[in-house]
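Next up, some structures in structure tokens.
In the two complexes that follow, chain A is the common piece, with chain B as its partner first and chain C second.
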Partner chain A sequence: MLLNRRNSGERWRVRPDGPGKVTGALAYLTDMDVPGALYALVLRSPHPHARIVSIHTEAARSLPGVAAVLTHADVPGLNRFGIARQDQPVFCEDRTRYVGDAVAAVAAETLALAGSALDLIEVEYEPLPIVGDPEQALLPEAPLLHPEGNILHSKSYRSGDAEAIFGQCAHVVEETYVTTRQMHAYMETEGGLFVPGPDGSLTVYAPTQHGFMDRLQLSRILAMPERRIRIVSSPIGGSFGGKDELNVQPYGSLLAMVTGRPVKIHNSRRESVRSGLKRHPMTIRMKTGTDESGRILAHRVRIVADTGPYATLGAEVLNFATEHVVSAYRFGSVDVESISVFTNNGMSGEFRGFGGNQAIFALEGQMDRLAEAVGMDPWEFRRLNMKAADEPGPFGQTIARTDGLAKVWAAAADSALWKERVHLDISENSDIISTSSATFDPKRGGGDLPLWKRTGIGAALVMHGAGLGYGIPDPSGGRLALRKDGKIEASFGFEECGQGLIATLEQMLVERFGFAAEDLRIVIGDSDAVPDSGSSTASRATSMMWKSLSLLQTPFTEKLLTEAANCCGLPVQRLRLGPGGIWDRESGERAIGYPALAERLAEPIVCEASTSYPVPDTDIVGAHYLYSYAAVVVKVEIDDLTGRIRVLRQFHAVAAGPVMNPQGYLGQIEGGSSMALGFALLEESTMAQGQYIANNFDTYLIPTIADLSGPVEVLAIEDLPDGDAYGPRGVGEIGSVGLAAAIASAVRNAAGIFIHRLPIDPALLQEVMPIGQWAVMSDER
Partner chain B sequence: MNDKETAAIADWSCTVNGRAVALQLPQARRLLDIIREDLGLTGTKRSCEIGRCGACMVLVDGAPVNACLMMAYQCAGRTLVTIEGIANEDDLHPVQRAFLEEGGYQCGYCTPGMIVSVKALLDAKPNPSFEEVEEALSGNLCRCTGYGGILRAVHRAIEEGQSRP
Partner chain C sequence: MQMSDAVGFSASTPTVWRPRHAEEAYRLKKQFGHDAAYVSGGTLLRTQWENGSPVPGHLIDLSSAAEWKEAGADNGTFAIGAQTTLSACRSDPQLQALYPLIVEASRSIAAPSIRNLATIGGNVSSGVGDSLPALLVYEAQLDWYDDGGERTESLEDWLRRMQDGTAQTDSLLLRVRLPLESANLDPSENLSENPSLTADPAHSFAYYAKIGRRDSFVPSAVTTALTGTIDGSGRLRRVRLAAGGGKTIPRRYPEAEARLEGKAADDRSVHLLHAILMASYTPAPDPFLSDEYRKRTAANVAASHLWRAISEFAHGKEGERCC
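This part shows the complex of A and B:
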């Protein structure tokens, strides 16, 4: 179904968190305030790599109005954090490894005083040689950033003997693909409110994508039991993976516990840029060969990722990229070696798409090049080499069977956009025979298009794994209850970062159980009030809510109906759940309202479900079991004079199981694709000598409304095989993956240039004006 | 919020969301801080603080202004409207309703500024061209939606504005 409001009918619902958002009434965690709160700031290293000779905080401490100045000496527990591996210092002791490294933090009565106190902290640094790129970090003479060396993680996957088979290939294509450091650029920077309790407890109001992980990490740092820490993690003004790892929480928490007073932190944009995570820059070298007929025989890949100074999820991102440079093609033989390398650049980490974005840009680029080498239509070339539904996954693992790949392929082939491309290619080729004059180029000029503008159409195919993958604990669950006040309460340990999770949960409860929205109270993002559902990451939350509700449906319904039957003196089988209460099937009337039922109960009705994200039967860490598929077709316009690319039209076919929330699904694909557009055309967090060159939105450009005004069609392919037990697959990330590759493909189609680096450099596309012909043409116009 | 600021505290008054407001302020205090900190109106958001993202857009005498770029003395005596002042007593403004119904938001952090900019546009020009919409909203960044839902909301608000008598 083409997703839009009209086609969705009554399933298109106003989000429950909408009124607060359009009126400004919703308080984000960085909007919170309490009387007597202190303002906190963090002192970060000016040097990307330095030895700390000394730290003197006396002057800062003695400034009136300063409540506390903390350094590494003041951390009661572990002075390290990291979701997967705890190697990032809360406060650096003797060495800094990037410009976001924290050395001290202060809390003061006003923000101005906190700033003055930072200025009074004296840190003597001895700058060390900067490791500015991963290739340099791998040289034998490179300075060691960590005692174990400069390699965070390596991953390889082999099947067959690719090297030997290249000799038998009729066509071999080799290319090096380069992607750069992309910023999440969430509109709300990191921050929050940290409130110590009189009993030595702590409440943290700060955005994160997994409240329970923050609680565990803070308990290590504070040397406090987890039960004394409460994490309120929602709502969030955008995250995209960027706020999953700890950011300001250690500083706010430590300062609150030391001063015994509430503490507020809210990063400036500059500080957010400097300290926050980015997408891993990757260099992906690919060599791929086919036989005469275009069947791929061998695929060799080498990935080098710049992970920055500390681990966070760099290893997991690399595993994901390694899996997705293989994706859904039948390669004959595969040889992938990947490496993630420490540098003194910015922190790389989790970012929507999780390494798939870089992998698919490279892989799909390879498919286009090979198709041309073989002399085939690029989309037919993909079909020839695509795996069938019953074939194993990228790592040879068994995966849940769906026909998603074939269906998104066919949807793209049938799309009006792709047909337009096929038509243009045919007429272009016949024109070449009749005349070589540029005036007859069907892609140049014509209609409203001036002669210096060309159009082209390209496409890309995407396979995207969801869940954390094999080898990483991935439990989930949720709770339903009828509370004393008569509300049906649904509790999940997830966060609302804009994706529409609250709306999706409400819609599932309404559609599946028959409740009215007014019957419900949805509780999320509060570690004291919800079960641990796992992280709100990896496109997993909707699947896990669906699974939990599937498990809860029978027991919760039975309990409600049994209690209602007792109250009303009716047989259970005559009753059903409905809006406002329990309904009598025979009379068609409501037998008892939820509040009336709740009043008569001695105890609330509570059902809890535990589940886990499905993983394949394998021994390969990170291998996935559930995948979503997408095909993206895009039309671009290139201005020869400026080299600028404009996206005119997009078509996305997405196969991810049933649509739980049409508005949310559409929003995820549209929004994800706008990030991919930025990744392809605009965004680059350049670093020079370990320093960020762009510190704010004046120089780091993300797409504006003017970049994204072309139509975007999203076709949801909902079919799953009979007996599928997994329901909706996630769509949180897949929209952000394919568009960059499709744009590169469209640029090839329009301008005959293969793109191997993102963002696309306009200089590549600027044409030197042919003197004569063009001069005459411009006179005519 | 620096030392110079504290040196020059003076009377400051304004109309904010229809109410007279009188404060003692440093004359160079940012309007954004006045709104969020002094008046507690946190619907106006802080994001880039250099006038590039539009999250702090407010109306000053009806015109959209980035509150991070305006100082107290520049708006003294003028009429300010923040997102909290857009709705009528007990009914949403048509632009707010259009955003709600079309799903023109996700995380919602840019939404107050976006709605203020749309209101300013439609107040000045009830039937803007496509290019005028693009231009009016180019200073409001949204990272979540890809602008699709926002454009649908704006077009709905335009249509509903025309269908009203």
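This part shows the complex of A and C:
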């Protein structure tokens, strides 16, 4: 179904958190204030790589109005953090490894005083040679950034003997693909409010994608039991993976515990750019060969990722990229070796798409090149090499069967955009037309376009794994209750970071149970009030809510109906759940309202479910079991004068199981594709000598509405095989994956240039004197 | 200074002065020298402070001087007060009729909320504002206030002195003047209203373009403006070309203008314009776009302006006129 308001009918609902967000009335956690709060700032290293000779804080400490100045010496517990591996210093002891590294933090009565205190902290650094490039970091003479070496992680996957088979290939394509450091660019920068309790407890109001993980990490740092730490973590002004890892929480927490006073901290955009995570820049070298007929026989891939100074989820991102450079094609033999390398550049980490964006850009680029080498239509070429529904996953693992891949392929082939391309390609190659006018080019000018504008259409195919993958604990669960006040309370340990989780949960409760929205209270993002559902990452939250609700449906319904039957003296079979209360099937009347029922109960009705994200039966860490599929077709326009690209139209076919919330689904694909458009055309956090060149949105350019003005059609393919037990697959990331590759493909179609680096450099597409060939007037006129 | 009320005294926050007259503002600037800055909308200053420039101890807020907010005909010129906001420029019907490129330039700068504060005076004083190429092709004059009282100087001269580093830094800009003879009095445009003019097929043209790394709300990489006329015999007359962009101080291109004068409006003129800009447009360094790219962009875009003018003329003005 084409997702839009009209086709969605009553399922198109007003988002519960929408009005507050649109009007600005909603307070984010970084908007919170309490009387008597101190203001905190963090002193970060000006050097990408340096030895710390000495730190003197006396002058700062003695400044009136300064409540505390902390360094590594003041951390009671583990002076390290990291979701997967705790190697990032809370405060550096003797060495800094990037410009975001923290050396000290202060809390003062005002922000200005905190700033003055920072100026008074004397740190003597001895700059060390900068490792600014992962390839350089791998050289034997490179300085070691960690005692174990400069390699964070390597991953390989091999099947068959690719190297030997290249010799038998009729066509071999080799290319190096380069992607750069993209910033999440969330509206709300990192920050929060940290409130110590009189009993030695701590409440943290700070955005994160996984409150329980923050609680665990903070308990290690503070040397405090987890139960004394409460994390309130929603609503969040955007995260996209960027706030899953700890950021300023250690500083706010330590300062609050030391001073015994509430502490407020909020990164400026510059601090956020400097210290925050970015998408991993990757260099992906591919060599792929086919036989005469276009069947792929061998695929060799080498990935080098720049992970920056510390681990966070660098290893997991690399695993994901390794899996997705293979994706859904039937390669005769595969040989992938990937490596994630420490450098003194900015921190790389989790980012929507999780390594798939880079992998698919490279893989789909390779498909287009091979198709041309073979002399085939690129989309047909893909079909020839696509796996069938019952074939194993990228790592040879068993995966949940769906026909998603074939269906998105067919939907794209059938789309008006792709048909337009096929038609134009035919007319371009047709002799009849090209002899009629020496300068005729069906892709140039025409309609409202001046002659220096060319258009082209391209497409890309995407397979995207969801969940954390094999080998990483991935539990989840949720709770339903009828509370004393008569509200049906749904509690999940997920976060609302703008993706529409609350809206989707509400819609599932309304549609599955028959409740009215007013009957419900949704509780998320508070570690004292919710069960641990796992992280709101990896496109997993909707699947896990769906799974939990399906586990809860029978027990919770039965309990409600049994209690209602007791109260009303009616047989259970006559009752059903409905809006406002329990209804009598026979009379069609409401038998008892939820509040009335709650009042009659001695104890609230509570049901909990626990589950975990499905994984394949394999021993390959990171291998996925559930996948979503997408095909993206895009039409672009290139301006020869400037080489700049404009995206005119997009078509996305997405196969991810049933649509839980049409507005949310559409929003995820549109929003994801907007980020992909930035990744393809604009966004690059360039670093020179370990320093960011663009420190704010005046020079780090994300797309504006003017760049996103073209129509975006989203076709949701909902079919799942009979008996599928997994329901909706995630759509949180997949919209952000394929567009860059499709744009590159469209550029090839329009301008005959293969793109191997993102963002696309306009200089590559700019023509010298593009109007020269279009005579307007000459002496012959 | 008795007329000024100073607000906000503190060690770290600057003193804000609110002079009501040019003389007073200038005196304050002289008195505090480098430790003072004129502030109009404050929008450019704000970005500079964000990027680490020191905030001076004294801010001379020019917004209290109503006399500099007016736009209108004055003494054979059209005067725009320095305090006129870009939003006001954008929607001024007289400017739209007479100097449409200024309206177009105003529209291309920043975003609506910023244009509500940002002034034409601040844009000009920056030396690199995107209004400058448009003002240059209209041969704008600047009214300054400094030691000798009020004086007028051509924008072109002032920008040349900015480039040389010989422009006075304390002078106060009062208004921008546009000569009425450079206004857009396109004879062909009057055709419908005045049939008696049909005998004269001369065609006036005016184009402006701002090119950045994205479509809107973006610092310019290259900004160009081109005006001129194609006379009844198909010859180019009074072509005026200006280009700037980014940190590049905009200037006119007299060599191109002179060599195009009287030339046939045809492909060769388009090529000539392109070649001259390729050879002479020298962009200031930019960390994101190469010099070569920006040179080509300036030449391509300016050449496309002329191409449009010629093709409009050739096709009896069917084409749209825009960047």
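By definition in this document, the second predicted complex is superposed on the first by the 761 of 781 C-alpha atoms of A that agree within 3 Å, B and C clash if a C-alpha of one lies under 4 Å from a C-alpha of the other, contacts with A are read in each partner's own complex, and residues count from 1 in each chain.
Throughout what follows, contacts are C-beta pairs under 8 Å (C-beta built on N, C-alpha and C of every residue); 3 or more make two chains touch, one makes a residue touch a chain.
This structure is a prediction, so every number in the text was calculated from the model and none was measured.
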item: Chain B versus chain C as contact partner of A:T704, first or second or both or neither; value: both
item: Partner chain in contact with A:P604 - chain B first, chain C second, else both or neither; value: neither
item: Which superposed partner A:G200 touches (first chain B, second chain C, both, neither); value: neither
item: Partner chain(s) touched by A:A763 [first = chain B, second = chain C, both, neither]; value: second
item: Between chain B and chain C, more extensive residue contact with chain A; value: B
item: Partner chain(s) touched by A:D17 [first = chain B, second = chain C, both, neither]; value: first
item: Contacts of A:A112 with chain B and chain C, given as first, second, both or neither; value: both
item: A:N696 touches, of chain B and chain C: first, second, both or neither?; value: both
item: Intersection of the chain A residues that touch chain B with those that touch chain C; value: 112, 696, 698, 703-704, 706
item: Chain B residues touching chain A - in the complex, by the definition given at the top; value: 1-3, 5-6, 36, 40-50, 52-53, 55, 82-84, 86-87, 92, 96-97, 99-103, 105-112, 115, 130, 133-135, 137-138, 140-152
item: Residues on chain A engaged by chain B in the complex (per definition of touch); value: 5, 12, 14-15, 17-28, 30-31, 33, 110-112, 115, 184-189, 235-238, 240, 266, 268-269, 497-500, 663, 666-667, 670-675, 677, 696-698, 702-706, 708-709, 712
item: Parts of chain A lying in touch with chain C, wherever the complex brings them together; value: 112, 116, 270, 450, 452, 640-644, 646, 681-682, 686, 693-696, 698-699, 701, 703-704, 706-707, 762-763, 766-772, 774-779, 781
item: Chain C - residues contacting chain A, complex; value: 12, 47, 50-51, 211, 213-219, 234, 264-268, 270-271, 274, 287-290, 292-293, 296-297, 299-301, 303-304, 307-308, 310-311, 314
